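What follows is a pair of complexes built around chain A, which joins chain B in one and chain C in the other.
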Partner chain A sequence: MIEHLPALMIAVPLFGAFVSPLFKKKQNIVAIWAILITAVTVGLSLLLMYQVRLNGVIVYVFGADKPTLVLPSGYKVPIRIMFEIDGIGAFMAISATLMSFVGALYSYSHVEGESGLEKYYALLLLLEVGILGMVLTGDLFNLFVFLEIAGIAGSALVGFRNYRGEASEAGIKYLIVSSVASLMVLFAVGILYGEYGNLNLAYISRQVSFNTLDMIAFGLLFASFAMKCGAVPMHYWVPDAYTEVPAGINPALLVSTYASLYALFRVSFTLFANISISLARVGWIMSVLGVLTMFIGVTMALVQKDVKRLMSYHAISQTGYMLLGVGVGLTVLHDPKALAEFGRTAMAGGIFHIINHIIYKSLLLMTAGALFYVTGTRNLNEMGGLARKMPITTLCFIVGAAAISGLPPFNGFASKFLIYESSYRLNPLLAVFAMVTSILTLASFVKVFASAFLGPPLEKFENVREVPKPMIVAMVILALLCILFGLFPDVVLDKLVYPAVDALINVAQYQSWGGLA
Partner chain B sequence: MNGNIWVNFPFIVVALLLALGFYTIGFKRNLIKVVIGIEILEGAVNLFLVALGYVRGGYAPIYTLAPSEAANPQNMVLPTPQALTLTSIVIGVAVSALMLAFAVNIYKHYGTLDVTKIRRLRG
Partner chain C sequence: MISQLITGAGYWSPLLWLAFLILFALIGYLIYSRGNPSYKKDTEQVKPYLSGNAEPAKEKIQVKASDIYWGFIEALKGYYKVLQAIHTGDLRDYILWYLGVGTIILFLLVGGA
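Then we have the complex of A and B:
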């Protein structure tokens, strides 16, 4: 049973997604069903991480006599679709399942009044399937298929409130960006397939010789995944999509963005690992892209009046930290001394920041969703004095805002500090930009706090009460995680983050299918 | 050696279609035409995959139906590119259906399909 765990990771949410439309008449039951399914997947992903830590890389071959049969007798190349799960795959799977669960819990009350909820939950579960498939697969074409599943489900959810024209506008923007990016991924996969006659990631990474065609394929993959994770020249779809999507989907949509970031790391670290000279250049490109992303994102955020839009621009800016951290690691990947001194720390910072950012940004977007739920507006100028009416939401917002600004006892500080001290070693200017961004972030959240929660109570919000229980529970879970990750960063780093970092650095293990062949 | 030029012909068409698709997405103002541009891109990528898998004089890899001179597996083509293309076509249908549904909904709310006027989300 336990050896079929990777297949179950996909099968359970897929089953849940296709059963949900059956509960068309009973909208409460479908919400509980989705919460149940996502809770089960959380359990499965924790089990998966445990297995990965116990046995190293897990390989699962679909349709083989035995799930571990990579090369059947007489074959020299793998021909079947396979899943290959190492530290970073399991890490991303935990983030995805946890956030889908919290999102489903939050949605229970947040979208209660809307129609078509059975489709909403079916799409939420499909989005989870897409993310999980992307982070677990070891096959390039499979990566494309799951990328498209996540893109279609995500954009359909962005346009879920179809009585608003803006939702459809944001939805089609997201869909155009994601389908162009996926088609270019498919084109690059075609190039690699034509050259090496195989689709297996580990197999191709052993063959790559880095001629002109490979460079074109690498460029296409890099650009497409950077586009889908909202790095700067292609960031315009992020604020629209995050603003219009119902707040319960925001966590899952954030993770789907970072699944593309994962694919970017996988392509640069594993697929093209053999090109030792050019990698430093790619690492520099990634770091500079990161600095640009964080700075442009935060400057755009400062002028926003719409609370969710402001937070979405911060999401762009925070993606920059991850690109910077991992980019610094990539720059020194083939320099063992520098890698041991600060490269590994930088990557740990970048990858730790992924889960931290997913947690506190989901928390913040959920508090914004709660504000929208009670006031019916997202304009900061129309809000005020809500702190007394909604004490728990206010507390959750303070935790989230402190975490995103990198104040000490919260999780944002833990990962940002790792990035500061390591990027300083590569080039002090990188660290300076990262710190300035952090200060600007704090400034803009002080503005949100002052205009939404402080000030005299407004007459029109006299009857406002705290949001319903499921929303509060979802927010409190995330706020507690913020504090726990901030207080005990060493535990998280040891158990989750460093296995992920070592999985990226240690290519040989991935290439040998975990020692199976 | 005349054949060599024609071997590359599908790839030249792929390049032209890619350019055309990107031009349509980037410069056309009608939303429906943008959707058509994405369909052209998809056609280009599908053609690329199929052209990769084409082998002159090869047989379909169905052992029971192949004529006797194809009994040697060397003469059969690899079915993977066709399988990839089929999958990609199916996904493409879903994407275009969803995009057209969005376009219909946008027309209902904005009364126009001009992408320069569909700009309520900004800043």
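Then we have the complex of A and C:
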């Protein structure tokens, strides 16, 4: 079974998705089914990470015994669909499966009263399939296919509450933005295929000659993935989608966004890693996009009144930290001294921030979902005094807010600390912007805390009670992870983050499965 | 071995930080528990003084979210005017921004190839 682990990562949730519609009349059973399937994928992804740490890069070939098999005519290029899993792929897979599981658990009560739940859970599992495919594949066309699966499933889920006009509008916007980005990705893949006659990432990364056509393909991939991960000024779809999607889907949708960030990193570090002239330029583009993203995101968040929209702008802002950390690493990738001194640490900060952000932002969006669940509104002006009625949600919110604001000892502090101390070495202004953004983030969450949870109890919320247990359990799991990742950051860095960083830096390892012309 | 985060420029030890936090919280609690002997509960002494005005009912003291940071937002009115103007919510603008940024990125990359 172990040797087919990469295939199982896709097959299990895909099977779960296709079986879900069979439980049309049994809404509770379909929820339990989704929780079960996502729990199995968590186990599989942990096993996958263990295998990657034990044996290095895993190359899995569909329809053949080994990756080196070539056409009988002797055309010396790999011909099969392949999954190639290294540290960063396994890291992303754990993030995807964990968040799908927590999201399914939360959804059990959160969407209980909605109709069409068999479609809801089928789409959630398909979204998981799309994300996992994107982060595990070693093939450019497959990357496009899985990007499409994630985009279509995601947009259907954004518009799930189609009785709300805003949800349908957000779903269509997300669908069109995703389709345009995917189309450009396909165009870039076509250019590379036309030039090199192959779609395998490792193969093309060896052959790529950085001519004008290659650079056009790189630019298209870079811009498309940057839009899909919500980089400013292409972030406009993010608040629409994150606000309208049911809170149980927010964690998986967040990971789907970061699967595009992963694709951006994969393209920059693996496919085009050997461009020596302009790699520092690419790194600076990424870093500047990062600073813009974090600052504009947080200042927009500060003026929001809708609690989920406010948190969505923070999701944009936090993506800036990841772009900044990894951008700093990319800028000095071809300078071994600077890479050893601060580049690798900056990348570790950026990658560590991905999983930290996925955890605390999912937690915060779930607390926002809990507020909506009990009050029926997302407008902060209409809320107040809810801390007395919802003590556990309040505690979870405090943990999430402290983590996103970079307060010690929570997980957000650990990754931000790495980013501050390393980006400072490239240019002190980068670190200054990162710190100012953190202060504004804290200010913004103080506003949410003061207006929703503090203040005198309001008469209209007299009968409000704490949210149901499955929602509580999902939030508490994430709050505990915020604390644990913050108290033992070295363990997470050693076991998950540095293997991912080294996988990005060491492109030769990704290309090393051999047999190529 | 105490958990440490090495950054290259220094280190961060969350458990040590937590230990100090607990220690200082205990010291703070000890000082607090000694109390203020002149404090008298439920007397005029504990009522807030609002420039001679009567204290409004607690239920009426609800600070709305949009009132928080009013001064900050007012001071940055020009910045927010621009920022809110570009957040149109129009899908066509979303795509235009993508095309604009994509063109700049292509220009920067192809120009340096």
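Definition applied: the second predicted complex is superposed on the first by the 502 of 517 C-alpha atoms of A that agree within 3 Å, B and C clash if a C-alpha of one lies under 4 Å from a C-alpha of the other, contacts with A are read in each partner's own complex, and residues count from 1 in each chain.
Rule of thumb we're sticking to: a contact is a pair of C-beta atoms (placed from the backbone, for glycine too) under 8 Å apart; a residue touches a chain by one contact, two chains touch by 3 or more.
In this text, all values refer to a predicted model and were calculated from it rather than measured experimentally.
J.: Looking at A:244, would you say it contacts chain B, chain C, both, or neither? Reply first, second, both or neither.
T.: A:244: touches chain B, not chain C.
J.: Does the superposition put A:176 against chain B (first), chain C (second), both, or neither?
T.: both
J.: Which one hits more chain A residues, chain B or chain C?
T.: When the residues of chain A touched by each partner are counted, C comes out ahead.
J.: Where does A:11 make contact in the superposed view: on chain B (first), on chain C (second), on both, or on neither?
T.: neither
J.: Have a look at where A:145 lands relative to chain B and chain C in the superposition and call it first, second, both or neither.
T.: A:145 contacts chain B only, not chain C.
J.: Between chain B (first) and chain C (second), which does A:190 come into contact with in this model arrangement: first, second, both, or neither?
T.: first
J.: State whether A:22 touches chain B only (first), chain C only (second), both chains, or neither.
T.: neither
J.: With both complexes superposed on chain A, which partner does A:303 reach: first (chain B), second (chain C), both or neither?
T.: It touches chain B and chain C both.
J.: Return first, second, both or neither, reflecting whether A:233 touches chain B, chain C, both chains, or no partner chain.
T.: Second partner only, chain C.
J.: Taking the superposition as given, does A:166 touch the first partner, chain B, the second, chain C, both, or neither?
T.: In the superposed model, A:166 contacts chain B only, not chain C.
J.: With the touch criterion stated at the top, can you tell me which chain A residues are shared between the chain B interface and the chain C interface?
T.: Common to the two interfaces on chain A: residues 172, 176, 180, 240, 303, 305.
J.: Inside the complex, what are the residues of chain A that reach chain C?
T.: On the chain A side, the touching residues are 172-173, 176-177, 180-181, 184, 210-212, 214-216, 218-220, 222-224, 226-227, 233-234, 236-237, 240, 275, 277-278, 281-282, 285, 296, 299-300, 302-303, 305, 341-342, 345, 380-381, 383-384, 408-409, 414, 417-418, 421-422, 424-425, 443, 446-448, 450-452, 455-459, 486-491, 493.
J.: Can you name the residues of chain A that touch chain B in the complex?
T.: 141, 144-145, 148, 151-152, 155-156, 159, 162, 164-166, 168-172, 175-176, 179-180, 183, 186-187, 190, 193-194, 197, 199, 239-240, 243-244, 303-306, 309
J.: Which stretch or stretches of chain C touch chain A in the complex?
T.: The contact residues of chain C facing chain A are 3-10, 12, 14-15, 17-18, 58-59, 61-66, 68-69, 72-73, 76, 79-80, 83-84, 86-87, 89, 91, 93-95, 97-98, 101-102, 105-106, 108-110, 112-113.
J.: What part of chain B is in contact with chain A in the complex they form?
T.: Touch residues, chain B against chain A: 18, 25, 31, 34, 38, 41-42, 44-45, 48-49, 52, 78, 80-81, 84, 87-88, 91, 94-95, 98-99, 102-103, 105-106, 108-110, 118, 120-121, 123.
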